[in-house]
Structure formats: C-alpha cells, structure tokens
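Each structure below appears as structure tokens.
One chain, chain A, appears in both complexes that follow, with chain B as partner in the first and chain C in the second.
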Partner chain A sequence: MSTETKPPPLSLDELAQLKWLLGGVLTLLGVWTVSYMDVEAWELVILTTLVAGACVWWPTLPARVPALMHTLAFPLIVAFFVGDLWLTGSILPAMVRLDILLLLYRTASYRQRRDDLQIIVLGLFLIVVAGVLTVSLAFAAQILVYTGCALLFLLTITLVDAAHGNVKAGIFAPVPRTVPGWATHADWPRLFRRLHDVADARVVVLAVALFAGVVAISAVLFMAIPRFQLENSLFLERFVTKKAKSGFNDSIRIGDVTEIQQDTGIALSVDVSDRSQAPGAPYWRMLVLDDYTEGVFRLSPRLRMTAFGARERTGASALREPMPKLGAGVVWTFFLESGVSRYLPFPGRWERVQFRESQNFRLAPDLGLLALREEPVTMTAYRVEGVEISPVIPDPSFARRWKAANDSDRRHGGLQSTLNVNVSDTERLRALADEITGGAAVAAGDFIERAGAWLRERHSYALSPVIPRGTGDPLVRWMTSREAGHCELFAGSLVLLARAAGFPARVVTGFRGGTWNAYSNNFTVRHSDAHAWTEIFDPEIGAWRRTDALAAPEVQRAAEQTGEAALARRADSSWKARLDSLRVFWYRRIVSFDQQSQTETLRNLKAGAQRGGQQLREALARAAAAVRAWFGGPWDARRVAVVVGWIALNAGVVWLVQRGRIRFRHWRSAKSDDPVRADASRWLRRLGECPVPTAECAAVRGELQRLRFGARVTWPEPEGVFRRARRALREARRERRPA
Partner chain B sequence: MSDFVQAGQITEAKAAVERLRANMRLTIRGKDDIVEQVLVCLAAGGHLLIEDLPGVGKTTLAYSLARSMDCAFSRIQFTSDLLPSDVTGVAIYDETVKEFVFKKGPVIANVVLAYEINRATPKTQSALLEVMDRARVTVDGEAHAVGSPFMVFATQNPVDYEGTFPLPESQMDRFLMRLQMGYPRAADELEILRSQRGGYDAIALNPVVTRGDVLKLQTLVHQVFVEESVLEFILKLVAATRTEAEFRAGASVRAGIALRTAAQARALVLGRDFVLPEDVTELTGAILAHRLALARQTSDALEVRRAVNAVLKRILAAIPAPA
Partner chain C sequence: MSVAEVNRWSGPGARGARSRFTWNHFLWSLVWPARGHRILPTISGTVLISLAMGIGTAAYNSSSNILFITLSLLLSCLILSGVLSWLNLRGVAWRLQLAGPLRAGHDASVALDLRNGKSFLPTYGLWFELEARPVGAEVPQRAESTITAKGIDVKAAWAKADAAAQRGTVMLRSRLECGGDARLEWGFKPERRGRLRVELAGVGSLFPFGFLKKEVGTDLRAETVVWPAPVEYRRQAVLSARRLAGGERVARAGAGGDLRSLRRYTEGDSHRLIHWKASARTGTLLVRQYAAESAEGFALWLRTEASVWPRPEQFELLVSFGATLAEDLFRAGQLTTVAIDSEPPVPVRRRRDLEDFLDRLAVVEPRKAASAGAGSDSTHPFVTTTEIARQNLMTFAPDGARGVAAYVNGNQAASA
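Let's look at the complex of A and B:
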C-alpha cells in the first residue's frame, strides 16, 4: 500500500445497501405526499411509514415475512382495490390507496431491478397527483428532492447491474425467506462513512451544479412555454384537496364564524396594478344573505333566481356592464386558495372578470357577485378589471322595484325588508327602532350612524358570544341584552333594526382588510379576516350603503382611504410575510402566468439584458478611450512614475492576495489538515496516477512524501516542489502520447 | 521524538543497515524481505519469533545476524527438562572466596537464539519474561544486566505440537514481530545446494557493525517523525481489532506502540526520517498477528494464522490509509 492509495470503491454489497436505502427514501417521499390530499388513507400512510422505516433500518426483516404472504400479496391488493372501488365509487382515491399498498409491498420485500423501477413510478404517481392538485410551492420542493433521489437511485441500480453482470440468479435475486448477503452485515453509519470517503467532492459538486443548472433551465423553459391546466386534461376534477375551514355557504348560522377566525391560513392574495387606487382596508364582498329566519341568514331562493339567473354560463371571462374604470389599465389579480368558497371575493363593483381557463359560473350583475359551479379544488386565479371601490353601491333595478312597491309589498314582497320574527319580537324591534330614531322619520344615512352607535354602545366585541336563553328570536334576545358579540351578530342586528325602521337591508359576508405584504407588494387576506357587515338601501339615492356596525364611522372612513400611505399602515414585513411572498411569487410566475404576462416577463428579461450589455459596452468603450487618450499624451517623469507605481501597486495587491489566500487556508485548516500536507497529498495522488513513472516523478515523489508525512522543519520549499511535480507530470503525459 | 534526525545521522544509519544487509545476504539467499524485517526488529530494539518448519534457515538467520555484529551470541536449546536457572544463570557457593558467585546463564549475551522455545515448560519460558522486558535477570535478589543491545531470537515449529507448551499471550505480546521464513525459490535453493557450507560454525561472516552502531541505530529510531494522520491510522487499525467479532480480544496498547516503533524503524532502515503509511501497512501482519487470538476454537495452528491474517487484511482494506 502506498500513500496514493485511494479508499477501495464501494463493494457490490455496499451498492446494494445504498439501493435499498434509496428505495425506502423514495417510498417515504411518495407516500408522505398523500398528507396534502383529502384522501382517507392516513392509516395506510402510517403503516407504510412504519414498515418502510423498519425495513430500511433492519434489512433482514423482509426475510421474516411468510412465503405465503408473498404468494397472496398481489391477489389481496387487487381484491382490496376492487372492493375499495366498489364501496367508495371514487376512482382516484382508490388508486391512491392501491398505489400506497403496492409501495408498502415493494418496500417490505427484496427487490429486483423491475421492482426498483416500479417504486420510482409509483412514488412519482403520488407526487404528480398531489402536486397537480395542490399547485403549491411545497410541490416544487418535493419534486426536486424526489428527482434528485430518483436519479441517484437509478445510478445505483445501473452500477449494481453493471457490477453484477448478466448473472441472473446471483446474490441479488430475491429468494423468499432468505436474507441476501448484503443485508446480513448492513451497517448504515458505516455505509455513510464509506460514501463520504469514496465520494469525490469535485464530482459531487459538479453533479449538484449540473442538477441545479438543469433545474434552472427547466424553470426558464417552463416560464416560456404556454400555460395549460393539467387537472382539466386529466381525470382529477372531482378529486378534492385538503380543505380550509371556510364557512362561506349560502346560509350561515350565528356563531359559525368563530371557527374561521382561529384559522390564520391564507385565504386570498391580491395583486393591485396601481397601488394609488388601493384602499387601506378593503371589504372583499363574496355573498349577500337577504333572508332571515330563526337565527339563520341565507340567500333567499327568490334572490338567487332573480339575481344569479337560471342559466349557468361557461367561459373564460364574465362581462358585467361597462362602467368608468379606475384609471387606465388598473387590474386586480386574485389568487383564491382552495376550500374558501365558490363565491369569488370582489373589492367593489367591477366590469369584467378574466379567468385562466374556461369556468362554469353564475353571474349576479345587480349584486356584483359571481359564483362558480363548485368550490374550486385548487387555487383559483382571476383578474378583475373596471373596479369601483365605494361604500355606496348603486342598484337601479332594486330602486325601481322599491319605488313601485306599496307598503304591503315592501313588508312581504321579498324586497329584503321582511323581519320574519314573531309578533312580540316584531314589536320589540319596532320599539328599538323608534328608540334609535326618536320616533321620527330619518334618512337612511342618519339611521345607519345612529343604529351603529346604539349597537356599539350596548355591546362589545367578542369571538365567543353569549346569546341569552329565552323564547323568541335569538338575535332579538341578544340585541336586547348587554352581551358581547361578533361581527355576524352586529351585522344581523343592524339588518333587523333597519328593516324594523323601514329600510331594506341585508347581511354581506366576505373578508375585511388583510395586510399589505411589504416584500411582494400585495394584499394577503387570511381566514381570520373573515367578516360580516351590512348593506342598507337608501331610497333617496337608489343605492345600497355599506355599513359596518362594529366600526365607528371615522374608522370606516379611514379604511376607505387609498394610496401608499394607507397601505403603509397595513404593511407586514415579518418573516411570515417573507414566506408568504414566496407563495405569491410562485403564483405570479408559475401558476397564474398567462400569455400576456409571460410575454411581458420575457420582454423585460430581454430588454434588461440588452440594456445591461449596452451599458457595459459603453463603459468599456469610455474606459478604453480614456486609456488611449492618456497613453497618447506627452510622456514625462511623472507619467512614468505613475505607470511604475501602478504596476508596483498591482504586484503588491497580487502578492497580498496570495499571502492572504495562504493564510486563510492555514486559518481554515485544522492541525491534521495542513494546507501544504493537503496539497502534497493531492500531488502524490496525481503522481500515483502518472501513466509513465519517469525518473523525475520518482525524485519529486520523495520530496512530496516529505511534505506530506515529514517533520515541518525538514520540509523543502513547498511551492518549488509542487512546481516540479507539475512539470514531472506534464513530461510524463507527454512521453505517454504516441509520436 | 523531541529531536529530529539530522541528515548525516540518517546517512550513517543507512550505511550501517546496508552493511548488515549485504553481509547477511551472503548466507541468507532469496530472503531479502525477511532480512529487512529482521533489521527492522533489531533497529526497533524488539524480539523476534520465527515460526516455520525445521531446516528452512531460522538458525542460520540468527547466526548471520549475530556474526555480522560485533556482539556476544548464545544459543539455548529449549527442552522440557530445561530449568529457569539454565537460562538465566545460577549463584554457586565459591569455597575460595567464601561466598555465592553468580554464574551467568546463556541469556546474558547480545543476541540470544532460543531454539524451539515452545518445548520448554511454562516456568522456564516465563524466565525469559523479565529478561525480554527489562533486559536484566534477577537471581537471589540481585539484578544482572544482559547485553546491550539485547535481542531474543526465538524459533518454534508451527506443525509439530507433540510435547510442546504453547507460549502464553503475555509472552507472545513481548515479541515485537513474528515471521515465517518459508521455502526459498528454486534458483536460490539451487545456489544453496552449490555452496560448500557445512554446519553453523562454517558461517564465516566478519562483523560489519559494532555494538555502538546498533545502539545508535536504536536511539535514532525514536527520533523518526510520525505525522499525526499516521498515528491516527495506527490507532484505527488497533481499535478495529478490538471491535472485530472474529477476535477473542483486540490488540493491546503495547501492540500499538510496537507498530509505531516498528514503522519508525522501517523508515530508518529504508533511509527516511519520517514514517509513511506503507511502513505501517507492511508491518501490520508481522506485528499484530501473533498477538490476536480467534474467537472460535480451532485446533489447527496454521488455520488460525491464515484466518487471523485474512481478517487483518480485511481491516487494512477497510481502513483507508492517509494519503
């Protein structure tokens, strides 16, 4: 053995151990993606995790599985799948469970090459399904890790096959109930040490760099190719991802929102093309609830029919009505997370909604609302143009109907003014309305302020309200008490009071406010921002007035302020916001990236590159001209001194840099890792691989050995020895070359 | 290792070793590797155990070494009735001076050939313990120094175990290395057959080094530099024998020190003032094998040696040498 001896390469057994380990890792990576999906398979996931972990750690375990199990495994799995399909009737969840079972079986038995390849395919299936459904940033990270592991796995399989040759029934052909040789002495810490010793750092760095390069190029290509919706091209439409607690349905019961407000997950991210037009705390309208019966607000069937219409539309855009735009080209881009609602949030009235792809939806032009046919299973992106943000929402159609209606129609004709409570509660409500108005007829705006103030004076805000026990309507009981309440109670109470005072009124649900992400410059609205407020019809102006009984008028006015200052007050620059900005980046650039923004980005990239190149060329040209002009001038002693000084300065800098480099390496190196010894070791290794060992090679080898293993005081000058080694190696290579 | 070896000292040492080597080659043919290891053992100040069949040159090797040095040589034929005092010497009452006078045993020499050491009883074998360890014998409470330098050159037959007493582990540990001579190659054997030599007395070699030269060599060995990674390599090798399931017990601390010293001696014998990892790997078998016992019971001594050497080779392959 000489000093140039490299660690022995990985043996066949060690490669087989590595293959086993990577197979287990791929199985776990694949199976864990199921946690993103709303599939009833957590028992299987836990079982597979435990079995895969145990089999990886103790590779002799699969030999203890009875041979009968191997015989029955596939029939049992197929029977399970058929039964699953029969009972649930859902293809994809059944396939996911089938996939997990197959992975479980593969990971708990010794594998041949085709079984290893199956693991890759089965794991990839789970990852792709989860990724396509969730379209999340985690998917990107997961597919990267999985791809890296799969590549390493394939390399190991190839190495094992190459080392194993064409022997069919060798040590790696699994024999039931027999522990293969490699598994008997598997020692993972030792394998890791061996991998560490054997791995060439340069090759590893190169491989990682190549992988990163391929990923970067793929990312650029991905951004350049046209978008398409994968889930619509496959059979995943009915498959449901994890749901957040939304509570935004056609009807809400008082108290349900409490749960939503505990959820701080993101519900909505909104890009605003012109920040000066963005209010500090928008009200994101989603749903109007006009009917009230026994503590339940709901969208009445009548309004559903009249507002949303009987016909469902299909298309990539929804055009409402032309209206003055808020400045030229102001666009609001919404990224609505899955599981929030099928009703899309809007910050006010709007003219046009553009989806990424064709959707089935119903449009309520008078209400300014849009409902998709079903709650989206993935993040839904849409752009809204012609947005008008105002606390006053004109409704000419309703105004005409209100004007034409008589008193009876107004009370019972579905004009959003029906109390729907018993006689005594009706009387109590009218008495309360009289108390608020002082028994006089007041304008809607005046009533709104008085009623809001009356409610805020009697009730404080609380997430967990207490509704007093008793008979009659629960909302009236709360209103007449002094208990604290949440937004729905305030909004509902204001609706009843307004209707008692003779004003049409309705509850509106959605979100209020949100934060302004200081990193990605967008609104971030969380589930905890869910809110309910009131819209009261003002017959004098023929429009609905938005009012938030929880907020004082001055607070509401402050929330309506627009521009940078208003956004700055809501700016969030925390670490959480930084993480959220990554998600928005992902949405902007990868998910919701239509042809136009794609072209814009590529154009910007090109323009930026051209601009940078042009600037660089100009700077170089200016520098060259200046140098030429300087050298072309008359020479004197001072100029010569400047040149000499400049050369000396550069030489000094080079010398200092080199010294610094050596000192830095000395500083970084531990005692056992002396840089000179390390260099000597490297040169010894290179000389050991020298094709023709010349006399010079032999001579310099002794000196290198002294540098590597000798006492420091006996060292020759290291740099000189290394130079000689370089020369010797070059000569040896030259001699090897055929004439 | 406090002082470093001067270039001149290395040259002198190398010259002395080369003289010894050349002189021994006159009688030991085709066994350069064995001669080199004997010289390493001499330089390291250790004792040597040679195991092989009778008549392959064990005694000749010892004679050659002893006669190449200007040293006292003695030969002890170990038998089952040999007494400790036959080895160490005995105090005899002298009428003329009216007191006990110490009569030196054959062990009081510079090179002692302990022939067929395993034929003596354990009691007699153990008489060698002190002298091998401390280079002195104690008789009737009085210590007597043996020669300086002092080297025990023991032989034993690995095949014929009839009527023998295997050396205890404690005594095995005191031998720096164990060697096997092996048969010579055909050409070398033919050359031996052509020679007219008859008997050990016919080995006519002139001393080429003095006792002082050998002592200087032995002193110089301890000044040969051992780099940290080489020391760690030695430690890893020794530690690996302790965790190896096939061994009943691992190598001792003394074994590690012996490996380091032998590696230093080899470096010096080859004219270097620093140790290379190959010095360690080349000597690992000779230094460690006789100190290790297999966990499984095997009656065949040759099988034991083969198995131990195989495990040591595996350990050497598994532990990367510093490069």
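Let's look at the complex of A and C:
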C-alpha cells in the first residue's frame, strides 16, 4: 500500500509571510497608477517603491523604525497634506500624494487586520481616480490584477486569523519595535517552493475559473445596472488642472507641428458607421489660424470674436444649421485622447455633435470648429452627424463681406488677407506672386495649382529644415531659398503667396490621414499624423479651398476617394494595430456604454436568443424528420448493420470514456493514495450510512474492508466489489422506501 | 456510567441533510432562513458595502463607466464571497461525542467530530459555538410578549438563563482536507449535578474574505447527567470498625463465601472470578457469584424528605455525601445495596449498578411533604429489624444547620 506523500499545509508563519508579501504587492500596484495619472508625485512613488520593496524583502526592517516615528507619523502626514494643499491649491493631487504617503507608512510597519484593509482601500482609491481621470485601458488591466491580488490578500488574512484561532478577527496587535516570529526566518524562495508544493492543480484551476466567473459576473452587472444620470458632470475633473501636451493651441510657431509629429502615440480613434462614405485620407480640421507675425500663426482676436462669439454654451450637443443632404445617415464617433487640444477635430463640415456628457464649449459655425472651455483631462468621446467631406468649404458670410469690402479693407480689414511683413518682404512676396501668376490675374483654382507646383519645385520635404539666416520675415527667407521644409513652411508660404496675390488665405492645423485598423475597423490617428495645410478663399464660388502644398493635386484627389478600396490601402494589420483595437473596444463598449447602448444590448440579446431558439427548433425539427424518414424506409441488412454499428460505436465511446476516467484517476492519485483503496474507503463510508443494513451490505462490507486495508495479493476483483456495493446500497434504499 | 454519545452526523454534509433543491425552498429560505442561520457583515464587509454604495452614488452622479466597472467588481466580489462560503461548508458534517462520566466541579470535555465529504476542496476557518446548560434552565422557546412582560423581567430571565449556561468556541485552526476528518475538543466544568444539555449552538465562518460572518444553526444536542461532586467527610470509628469486623476480608463484593451461581461477566469484574471452564463451554465469559456478595458490607439508604432537608445547600451536601460514600464503600467492596426513599433496595454487584445509583442521585430532588409518610421507618425498604442489623443500614440525617451525618444502625459513622 502506498503511503501518503502530500506535503503539509502552509504553517501560520508561512501564511503571515504570504500576507506580508501580498500587502507589499498591493501597495506597489496602487502607487504605480501615478505613472499614467499625470499627477506630480514621482518622487513619492519612487520612495514608496523602494521602501515597499526593501520591507517586503527584509521583513525585519520595520522593527528598526524608531517608536517616535510611529508617534509622529500621522501628525506629519496630515501636516504634509495641509501644506501641500495650501501651496498647490489642487485638492485631488494633494489627496493622491496623501494616499501614497499613507501607503508608504503602512508598508513600513507591521500591520493588523484594519491596516491591511486600509492598504486595500487606499490602493483602490488611487486606481479608481486614475481610471476616472484617464479612462485608460491600463485601468482595466490594473483593476483586474488588483482585484485578484486583493482577494488573495483577504483570503490569506482570513486564514491567518483562523490559524490564530481568532474568531473575531484581527484583535492581535503587533508589538512596536518587536520583530514578529514569521519575519525572522522569512525565506521567499522557500516560500514560493512551498506554495508550489502545496498547490493542488484542481484547486488552482477552480480558483482561476472562479476569478473568470467574477469578471464575467462583473461584465453582466456592468451591462445590467440601470443607467440614469443624476447630473451630467464628471466630478473629479474639477479638482485637477492639466496642461496641453500638444502644440495645437491658438498660437503656433513654425516647427511646433513637426514637434508634435515626433510623438507616435494615438491622438484619436474614429469609428465610421458607413465605411463606404469614409475617405482614404481625411483631413481632420481642428484650428484655423488667420494672423501671421514673425513666424507665428495665431487665431486673431477679431476672428475669434466674430467666429466663436462671446457666448459660451453648455450642453451635451452642439447643433449647426441643418444640412440634411450632407452625409445623411453616417455617424462618426470620435475618441479624442487627453492632451491633444481643446479644439475638436472634424473631417469636414458637420451638422450636429453629441457628447457623452455635458460640456462647456464655444461653437464657430462659419469655420466649422468647436472649442471646449478647457483642455480635457480624460478621453473625450463625441458623435458627429451630417458630415460633409469636401475640399471646398462654403462660407457665404465671408463671401458677402469680401464682396462688400473695398481694396483697403481687403488689405487691412481683417479679411484674412493681411501680409503683416515689412515693406521689402511685401515687395518680394508680390514679386514672387507675379512670378507664379505670370503677372496676370488668375482664378483662385489656377493660383493654387501654380503656387503649389512652384513651392514643390523649389523645396523638398524635410522634418528638420534650415531657415536661412538674415533679416526680414523667416518665411520669406525660406521661400526665397532652395532649402527643404516641412508642412508648416509649405502651408505658411502658400498663405503669404496667396495673400500677396490678393486671395484671403489661412493656415489650418490638425491631422492628415491615419491608418485603418483592420481588426477594429476604425481610423487610428497618431500624433505623428499632425499636419498643417492652407485654405484659400475663392471669391468666384464664395468658398474656401483646401490646399496642401506638400501634396500634388493628383495625390490630393486620390486621398479624397472614399470606400472600401481606399480604406484597404491604409489598412493596418500589425500587432500594434491588434493592441490598438483593444483600446478601441474599451472605448466603444465600456467607456461609451450608456443607456442607449444598454437598450441596444438588451434588444440584441433578445433578438439573438429568439433567433437562436428559432434556429435550434428548426434544426431539431429537421433532424427529427430525417430520423423518422430514415426509420420509415425499407429495412435491409445494410441498414441493420448501420444501426448496430452506431450502437456499438456509442458503447465503445462510453467504454473508452469510462476507462479514460479510471486511468486518469489512477494517474492523478499515483502520488497520493491508491485509487482502489480510496474507492473502497468511499464505498465503506456510504455503506456505513446505509439506511437499512441488509445482509448484502454486510457481505460486501467485508470485501471492501479487504480492499481498503488488506494486502494487495488478497484483494478480490475491485470492479466487481464496487458493483456489488452499488447494488447493495440501491437495494437498501429501496427497502427503506415505503411501499 | 453516564455517557451520552450522539452518533448522529449533522451539517450540510450529513447523509439525509441534503434535501432536493427546489426554487421554492431556496427563495423561501432567503426570506425565512432556518433557525440559527445568519449572515452578518463584518467590519471589512461594512467597509466594502459602504464603498460600493459610495462608488455607486458617484457613478450615477457622474455617469462614469469606470466607476460602474468598479461597482460591478465590488458586487461580484460579494457574490464570489457567498459562493466560496457555501462551497466551504458544503459536504462538511459534524457530530458531538460526550465522554463520560461527568462530575460536578470536575473538568469535562466534549469532542466534536468533523468530516469533510467534498471530493477535492478542503474546508477552512470554521468555528463552533458550544453550550452546556442544565436541563430546566433553558429560556422557554415559545414567543414571549413584551407587552405583557416588563422588559426588565425579560432581560432578567435571559440573564438568568445565560448565567446558568457555559459557552465556548472551538476553532478549526488547520484546514480540513477533502475526504478527511478531524476532532475538536471543548473543555468545560459542570457546576452542579443534574441533567446537562450540551448543544452545538452554531457553526460560523469568515471564510473566504472576511466580508460576511456566516453562521449556521444546528439542531445537534446531547443530554447527559452530571454526578454529584465528591465531598470530604470525616469517618467515625463505627465505619472503620464495622469494616474491620466484617465476616470475611474480601477485596471486592462477591469474592468470598460459598459459590451461589454463575453470571455473565460485566466490566469491572475481577478476572480472578472468571469461571474459565464454564466460559469455554458456553462461549460466553461467566464469573462466579458468591453468597458473600449479598451478605457483607453496608446497605445505603438515602431519604430525601423535604421536611428533613429544608435547606437546599444541605440537601445538595446530602446527595454529594451519599454519592461519595457509595463510591468509597464500593471501592472497598462494602456496598451491598442502595435505596432512595421507599424504592426497593438495589443490590450493587458491579460498577454498572453503582453508576445507576449515581445517575439517580444526579437528578434526585427533595420529596414533597404530601408523601412524607412513605419515608417512615415502618415503610422503609429494609423490612425487618433483623435484616437491618444484618445489613449494616447506613442512613443520613442533618448534622447541625449545614452538615450531614451518616449513621450505621443508628450510630454515627461519618459526617460531612
């Protein structure tokens, strides 16, 4: 008979060591959220990481902390918080720093149960704040890992309390400056080996399955929790201030956009409800810059006032004039990452913007732009309807003013035609414009083509251009040279040339193109797609013409093509795209989940269930009809052979499964106990509880005892004994049942 | 011997305890849980629930799906806690084992056998609340109205009942392996003689996360008797002299004189008395029974008239004194018969007879005055004076206000 080789369960000291380790891990998981929270607490995070790591590895360290420190810890932490709040004036960052300090203190001292619970709550606070503020996919990963660790931590605490024989839990307190017994002989590699040894594969699998169940139940609850908003406001936003990372501000110096291009992170993801309407390389307009001075383009105060107006609006939707014929039925859903700009990107003119929550914004209907009051600190989702994608942007208001203006007004009246350079540069620009037009009056369309070709012919593209030294305007100096340049130089030069030729012009900043994610079927636009281009007013049609001096006309026309073929050329199927698709899934299905999505989900579930049920019924009916037809047909030897073969095959499968089960149990029990003896023990127990001890029970019990305790050579045939035991038990139960 | 063994297994894993699942039963059990079944949030559970409520409020206030995710996770953790708690208790059975004899004022222990019938999951962190309460000291189970009863009276009744009971908690410190069993022991000290009910008042667990304290009521109880506490007493010369002046010196009753008959062997009989030939012939152990068994020693007669023993403490002393003397005389082989009041005398031949007598002493109460006549000498069980003289009748009478004296044939033999 084989002997029991199962290792002993974890001792109290080992459980306490595991608890200490998990407490440290939870502390680190909590404080590391600062890495994506954009709160100034890096020094504290590094300090906490070092202290937590050291205390986990050398658990005797907390005993060396002077008792005075324990006395002063709380007043000092409170004083730090008050001072921090007074100096910075931002409550949420101060609370985050306070939280980290408390975690630091808890991880550097021996803990009672309530201290362990504090660690969980403090860490959860950090993770939730980070999640709410960033709406990052990292939150999903972190909360899952944190939940798993926290549950394991709580389980260990319960087991430690049970091993202490402590019913009420947590009443044994650590003695200050005294090293607990478990800490003196902590040996982490040994603990891991012990964990490995005592872990039962089945229990581990069950634990993993249960955790998967928790995630599944959470998903169901998330979708099932009724949604209604008491107030449309993201409350945590009020407590933080954030600076824009990008250069998409009201004022852009030459080179700012190129600087943005160095960042390869995602700027926005865009869903299009009808892919056939999506262009291959859209221009995502964000900001119009009409004023130029000494190498800096800016949104002039006059245009800001006239276009955006003085009134700020508040609401969840913004509505321009209805344009039902434009892009009807196509919905564009934008997920704009934080730190891009407070100006929202659009692929063209639009009719209606719907936000996920209420926003404060200013709308410029003639420019087709929308500016939020503040830089969003979190991902901003909005739906755009009635989008018209066209390189021509009608502006009747501007056309009227242009038509009514005299020559002086056109040069100095804020009609986006002022050169604003010195006299000599003005002369040089006019000379260049004459060179382009040949001294004749040309239409805007012709000028655009000629000027673009002229610039491309003289300058090549480079991300790090060299502007020749000298006096005068830098753009004019570059224009008159043969140096390579980037999009801002091309766009700015075209603006100056157009204005010199008498056409109103402006620089537009935003993004161009992006890739089409083949997995999640959406546009992924990165910061590296940042771009600047030109819009030149064509008085003949009363509209602004989009002009990209970097791209040849045929390239621009190709970019305007819509449909699957155009998207296929931009499709991205890389691993990076696969990861990006996860982020989009997170935004689409989780972050943007609202009452409407809930209703749609329930409707889809109902429809799916009905459809599935219908299909199942039909399939069953078809199968039943086929079986009936087959059995109703004339029987011959072949059909009989088929039936017999079918039965034999099924019996064989059942037999194989049974044998497999037995072999599996033999294999599984090889190291612990003899499976036959284990089975005999189980049957003995069942027979012991036999309601009516019959003679057969008594007879078979003897054989079972021989199997359980006797030498192997004296064993009767085990399967037969177990069969008899089953029969005896069944008979005993039958006898017990009243007639 | 007064050993009450309750061999019945109880708990979720006991055979027959698992009734067939029906939704009706399940839903009703949520509304109207079984007696003793309780689920209470612990401090961490209260924190979790408060946290969930706070996050839920913030989620609705801000319509942040991040907060809704956190709320969902917290709620599902509570559900997981319930499932694991149920799994932990599933398949576990327990039974009480009372080891006797119990004696007032002496340490006693109750064993609790545990069995885990699960196929691969161990069980952790159970505790068992045990209670020992004299029978008759229970709080009435019927509903008490506080409209008709003053609150203070009800509280006093509860306090009285609680004071009479002894409670203890034993903890399952290590895990109970699947298919394994364990034994926990609870030690207590019965304070007074009488019938004692030991009850498994509840089984509780904080497993797995300590959010909820789950308590399962049980109907497992066992009754036993607690023998009177032994007392110290002074022997008088009479008792010793009679002992020395006995007809034959024997180590034990039934070991001297002429062979009268054979009887079955019982526990406590000397091996020397075994009649090996007869035993071999019949296949049953038989011992020799001598005439001396019923002819030597003392006959102990305990009279319990309330008029004679008006003070309860003196009566208790009488009972303890009687029990102590009976045991001492039995050990000395000098106890022949015992009787209480007008009951017929019972011969004491083996330990079982003595234990029966102690069992009766454990529950004896002062006899009411209405039947006082039954205790007179003319009706005592030892019929004739000759027989009384021959049997060395030992009786008891008050010795002052507090003491008790034992008399042999009217002469004081011992006092306590």
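Everything that follows uses one rule, which is that the second predicted complex is superposed on the first by the 607 of 739 C-alpha atoms of A that agree within 3 Å, B and C clash if a C-alpha of one lies under 4 Å from a C-alpha of the other, contacts with A are read in each partner's own complex, and residues count from 1 in each chain.
Basically, a contact is a pair of C-beta atoms (placed from the backbone, for glycine too) under 8 Å apart; a residue touches a chain by one contact, two chains touch by 3 or more.
For clarity, every value in this text was computed on a predicted model and none was experimentally measured.
Colleague: Contacts for A:404 in the overlay, against chain B (first) and chain C (second): which applies, first, second, both or neither?
Modeller: After superposition on chain A, A:404 lies in contact with neither partner.
Colleague: Just to be sure I read the superposition right, which of the two partners does A:158 touch: chain B = first, chain C = second, or both, or neither?
Modeller: In the superposed model, A:158 contacts chain C only, not chain B.
Colleague: Taking the superposition on A as described, I'd like to know which of chain B and chain C A:565 touches: first, second, both or neither.
Modeller: In the superposition, A:565 contacts neither chain B nor chain C.
Colleague: For A:210, using the defined touch cut-off, is the partner it touches chain B, chain C, both, or neither? Pick first, second, both or neither.
Modeller: Only chain C; A:210 stays clear of chain B.
Colleague: Could you say whether A:711 touches chain B, chain C, both of them, or neither, answering first, second, both or neither?
Modeller: first
Colleague: Name the contact category of A:139: first (chain B only), second (chain C only), both, or neither.
Modeller: second
Colleague: Return first, second, both or neither, reflecting whether A:684 touches chain B, chain C, both chains, or no partner chain.
Modeller: First partner only, chain B.
Colleague: Looking only at chain A, is it chain B or chain C that touches more of its residues?
Modeller: Result: the larger residue contact count on chain A belongs to C.
Colleague: Across the two complexes, what residues of chain A are contacted by chain B and by chain C?
Modeller: Looking at chain A, the two contact sets intersect at 6, 681.
Colleague: Mind listing the chain C positions that touch chain A in their complex?
Modeller: Those in contact with chain A are residues 9, 15, 42-44, 47, 51, 55, 58, 60-73, 75-77, 79-80, 83-84, 120-122, 124-125, 127, 169, 171-175, 177, 179, 204, 206-211.
Colleague: For chain A, which residues count as touching chain C in their complex?
Modeller: Counting only chain A, the residues touching chain C are 6, 9, 113-114, 117, 121, 124, 128, 131-132, 135, 139-140, 143, 147, 151, 154-155, 157-159, 161-167, 169, 200, 202-203, 206, 210, 213-215, 217-219, 221-222, 225, 227-236, 356-357, 590-594, 678, 681-682, 689.
Colleague: Would you pull the chain A residues touching chain B in the complex into a rising list?
Modeller: That would be residues 1-8, 197, 671-672, 677, 681, 684-685, 705-706, 708-711, 713-714 of chain A.
Colleague: Quick check on the complex: what are the chain B residues that touch chain A?
Modeller: So the residues of chain B touching chain A come out as 4, 225, 227-230, 232, 273-278, 281-282, 316-318, 320-323.
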